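Letters A, B, C, D, E and F name the chains as they come in the text, with residue numbers starting at 1 for each one.
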Amino acid sequence: MPITDLLLSGVNLMAIGMGIVFTFLLVLVFTMKGMSKLALLVTQRQGGVEALSSQPSVGGREQVGIRGDLIAVITAAINRYRMTHS
Amino acid sequence: MPITDLLLSGVNLMAIGMGIVFTFLLVLVFTMKGMSKLALLVTQRQGGVEALSSQPSVGGREQVGIRGDLIAVITAAINRYRMTHS
Amino acid sequence: MPITDLLLSGVNLMAIGMGIVFTFLLVLVFTMKGMSKLALLVTQRQGGVEALSSQPSVGGREQVGIRGDLIAVITAAINRYRMTHS
Amino acid sequence: MVELGLEPLWQSTGLANLEWGQALMMGVGCLLIYLAVVKKFEPLLLVPIGFGAILTNIPLAGIGGSEGILGYIYTIGIETGVFPLLIFMGVGALTDFGALIAMPWTLLLGAAAQFGIFVTLLGALALNYIPGFDFTLADASAIAIIGGADGPTAIFLASRLSPDLLGAIAVAAYSYMALVPIIQPPIMRLLTTETERNVVMQQLRHVTKLEKILFPFAVLLLCIVFLPSAAPLIGMLTFGNLLRECGVVERLSHASQNEIINIVTIFLGLAVGSKLSADKFLTIETLGILALGAFAFCIGTATGLIMGKIMYRVTGGKINPLIGAAGVSAVPMAARVVNKVGLETNHHNFLLMHAMGPNVAGVIGSAVAAGILLALVGG
Amino acid sequence: MVELGLEPLWQSTGLANLEWGQALMMGVGCLLIYLAVVKKFEPLLLVPIGFGAILTNIPLAGIGGSEGILGYIYTIGIETGVFPLLIFMGVGALTDFGALIAMPWTLLLGAAAQFGIFVTLLGALALNYIPGFDFTLADASAIAIIGGADGPTAIFLASRLSPDLLGAIAVAAYSYMALVPIIQPPIMRLLTTETERNVVMQQLRHVTKLEKILFPFAVLLLCIVFLPSAAPLIGMLTFGNLLRECGVVERLSHASQNEIINIVTIFLGLAVGSKLSADKFLTIETLGILALGAFAFCIGTATGLIMGKIMYRVTGGKINPLIGAAGVSAVPMAARVVNKVGLETNHHNFLLMHAMGPNVAGVIGSAVAAGILLALVGG
Amino acid sequence: MVELGLEPLWQSTGLANLEWGQALMMGVGCLLIYLAVVKKFEPLLLVPIGFGAILTNIPLAGIGGSEGILGYIYTIGIETGVFPLLIFMGVGALTDFGALIAMPWTLLLGAAAQFGIFVTLLGALALNYIPGFDFTLADASAIAIIGGADGPTAIFLASRLSPDLLGAIAVAAYSYMALVPIIQPPIMRLLTTETERNVVMQQLRHVTKLEKILFPFAVLLLCIVFLPSAAPLIGMLTFGNLLRECGVVERLSHASQNEIINIVTIFLGLAVGSKLSADKFLTIETLGILALGAFAFCIGTATGLIMGKIMYRVTGGKINPLIGAAGVSAVPMAARVVNKVGLETNHHNFLLMHAMGPNVAGVIGSAVAAGILLALVGG
């Protein structure tokens, strides 16, 4: 295939490609907004919002929490130990 | 194969099958009883019954035990800490 | 192949084999000595010897160290607890 | 040059290619995931199976095809029988046979409950009288094993005897295993009297480490002598159990109980799900299989209970017949159900440990039954 | 009899057989390891890739050949596409899409950044004007995906469209992902005003567990409807994410996030490294690929920022345009860079969480772009 | 219709089909497990090998056959050489070469101990004078590597040079490695004087992180230059070690040291066990291999000690010759034995760390020897 034709194909690909990418993600935006509304409805109807809602912050995972607790406890134990030891 | 023959085969299979299942597990009952006696003999001859016998209860695993200890220790440490802190 | 020829081949193999093994490991000795000198130079030039040098003893791994610390802390906590409890 | 027309673009969308059967099967996949997540039905298996069902029914993508990832996993792991055997190794490594060793007679409860398998076999063959059904003896055997209430055994046998039905059989097996708390209690109440359910069993005796180490050898020995066709299943089960009990290979025992079984569970589930394609699953036969599966569970529970009642009589009331219901396997769900029904009658009657004996006996029992079917039908 | 002469002995040494190209490629391998260990460039991938490059270029040993361990791993894991898909499953299990769910409009930033991919495609084709370059449309597409800034996507697409270029493409993808902290900040400062960079975004709203569970289904649904060719990638990503979020399969989620992804990462890296053989890598095309890769990252960053600026205008200054730069993917590096550049301007402006939205949107965006290229070029 | 007669039923039992050789080999399997569990002989390998031997000799089941699970594992993992290489990667990740880096001259002890390999090669060939033995040069080489006292190296070489003898060779290698505490001490006491055993060696110097990172490259470089045929073994060993020491890929290092090596150990053991079938193992050649294995260990220990005595002289008494015995590999057993024998003579003389140098040198030494045999015999 001559390079010019290749480039033409490339331009076509770019047009189609960015078109689909934007369409896809734009539709996803609205799908997610619908989904969130649905989730809110379901969660409210079930009453127990707290039971189903996740942690306030986005990042944390349970494991981290547990480890954090462990470290806190141990730190406390060390401090206590040092305080009473000295 | 006509369905009647199939069903006959099925009845045969059931007879043989349940026969073998019961024979197998019945023989296993006696094998296990023999095995347990043998184990008792060996264990007694070795004297150290305690060394070889497992935990009293059937369920527990070592790991759980270790974790249990850890939790107990940490709980104690926390209580201690709170008590002296307040 | 007659056994005598096989044995001759074996003797040849032994001569070549041990020769290469010794040559290889002897060259490795000098390579390692060179490498250690190089490492010393690089490490010294970077100033922060401490930052790059590993633990004094050869064996230990970090994990072990951490576990060791944990056990030490917990042991201390237990002792502390027992002391104040009794 | 890449074609730009809207027609080829449209032709590459799923919308243009989706058949109603595929859409329906994706719905089935979502339903399985819903049951797993919300109703807690065997989630470790039903989440991957459900998702595998969705993925395999996506038009054009060919994920379950011979060049797709699910197709590869199926070929390597299920067609060879390797994955269910590795799960069995993990089950062996996770299972404490102590309760069974302490009460060897409960093996008979595990034997009786296998009756459900063979009655279902007859039922499957009888279904052939209905137009639309055409089960061979191999098909009927693979369907019947659902009554064994043991997922990996069912998948292993189906992959050998009737791969086309594997999806439906696996789904039925795991679904009914999850439904045990709903299926079993009415049958248990119906077949036992309150006096029987009230029986408090004596505490289990100590089991020594040596007995636990010898146990896998005893089971394997009998399997070798009487039923070598069950040796792959029983062999991997006892191997896993030996790793667990021998006490000198903690690393390997841990790997069997965690890494291996977890990894294999994900892949097994996805690969089983890949058999839930519309053309294989949306048939009248699937309905038959689902009906037969429920039937099998009920029969197995009932025969286990009846054997329990016999043992209650023979021992002069020392055996609570409820523990017979645990003989269907479905470890540890069935044992928990026994415990719950026991507590309903007598608030201080904890049967969990006593039910674990027939429960694990049921695993051995259905592996034996699978071996028999393989030997007599699979040849 | 074994020959004893010095000649055959000498002939079996590496010294006698080493070609300069192989020596050079071992040097490249060492360089990658150096960058990984000392400069901390994506060490999880570049250490195995670098070592694989060394091993595959050892003369006579054939480690990367059809009978060597790296050859086996490549055939089983990369040629089939299984390894990048398993990595995608792990990425799904490791990724919290909460930030994206809280701000769905940031998906558009992830869309805009994919412009880098398609511009690079044109660039690769234009390189054909230079003698020595002869990229097909498939080659150009595989190269272009470097602009997606997503390693497994690049490896998956290259293994399908242009296996010969896979080594260079993977190295370029991971190298530039590691270089994000150097490539992006100047472009970010150039294209945004201080007022824009100063924008403090409002805190993210709570995201419920149900939303997080529904999210993978929403993404997969659109993929099925519009772009089934992206279903392997999107399917495994959403499967991993469902394992993570559904809360009932902790064992499987843990296995995806640890055992599976770690094991596959080692093997994927070694196998990619085995494609860094002298004859495949030491070509003028590699130079072109490296140049195009840098170009792709710059364009992607720029278009992400421009979309950020548009959203800044449209929302009346509620969106900090810097977070557009995170749309290229390179999770989580790009989001961290956004946070750092944001803090330079305003010491109290933490953009990390807000940048995570476009950052993970970029992963979806490049998987979509890969699906398009597969559908239109891969056929 | 399924045949119901007692004859076909009987024909499907193991009892009717068991050959005495199979029964005997199951006994051998049980013996290996007994030694592993009760005597703590290399349990991580001997438990799976022993169980694999039992499974593969079950009549009719075909577990070790081309359609059985052990057969699949053997084909995929051992025939390709992949499993021993992955074990080597794990060994590299688990091994701290610090003691060797601190005392590079102890490499010579690891070299001297390889003499056992080549003397055994002669011995194996000489056995051909006895009727019934017919070892080729390849067979003899595979047998000789038992003297390397390194399990994965022996399995790797045997799978390449003499697959039929693999079972016997692997069993001999691991058995004698476990017997090191019994085989070595008498030889150590015989060949050294009390004065020599009394030598207290000076404490090892600090080894920097940089040296530990450069070490795998140094070893691999020499391997590339001099002996590319050893590159698969040395390459994976040094790769594992680099993962361990480079400090930036903790996840991968952990996976190599745990998940990968544990999983592979289970499968490797089972697959090796599957080669313990009656027809392959119950031959006069196995007796020869067992005898030669013991011989190899004795010679290797002796030549290691003699080199230790030479170094004792040359250094004016700074080297305790006992550490030469650790040169046979058998990590870490041989080093512990040295420590124990040293403590017998002098209660304050801890040689463990000093013996680790020659001990890990022995691993490199036998990999080098394996490379030589592959290059000269395997062609």
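Keep this in mind: a residue touches a chain if its C-beta (ideal position, glycine included) is under 8 Å from a C-beta of that chain, and two chains touch if they have at least 3 such contacts.
Keep in mind that what you see is a predicted model, and the values were worked out from it rather than measured.
Chain centres here are C-alpha means, and the one lying farthest from chain E is B.
With every chain reduced to the mean of its CA atoms, the largest distance from chain D is reached by C. Between chain C and chain E, the centres computed from C-alpha atoms are 35 Å apart. Once the centre of each chain is set as its mean CA position, chain D and chain F turn out to be 41 Å apart. Between chain A and chain F, the centres computed from C-alpha atoms are 48 Å apart. In chain F, the residues touching two or more other chains are 2, 137, 226-227, 259, 376-377. Residue positions of chain C with contacts to 2 or more other chains are 1, 9, 13, 16, 74, 77, 80, 84. Residues 96, 98-99, 101-102, 104-105, 107-108, 110-111, 114-115, 117-119, 121-122, 125-126, 128-129, 137, 140-141, 204, 206-212, 214-215, 218-219, 221-222, 226-227, 353, 356, 361, 364-365, 368-369, 372-373, 376-377 of chain E touch chain A in their complex. Considering their complex, residues 2, 12-15, 17-18, 26, 30, 33, 36-37, 40, 43-44, 47-48, 51, 54-55, 58-61, 63, 68-69, 72, 258-259, 262-263, 265-266, 270 of chain E touch chain F.
Within the complex formed with chain F, the residues of chain D that make contact are 80-82, 85, 137, 213, 217, 220, 223-229, 231-232, 235-236, 239, 242-243, 246-249, 251-252, 254-256, 259-260, 375-377. Residues 1, 3, 6-7, 9-11, 13-14, 16-18, 20-29, 31-33, 35-36, 38-40, 42-43, 49, 52-54, 56, 58-59 of chain A are the ones touching chain E in the complex.
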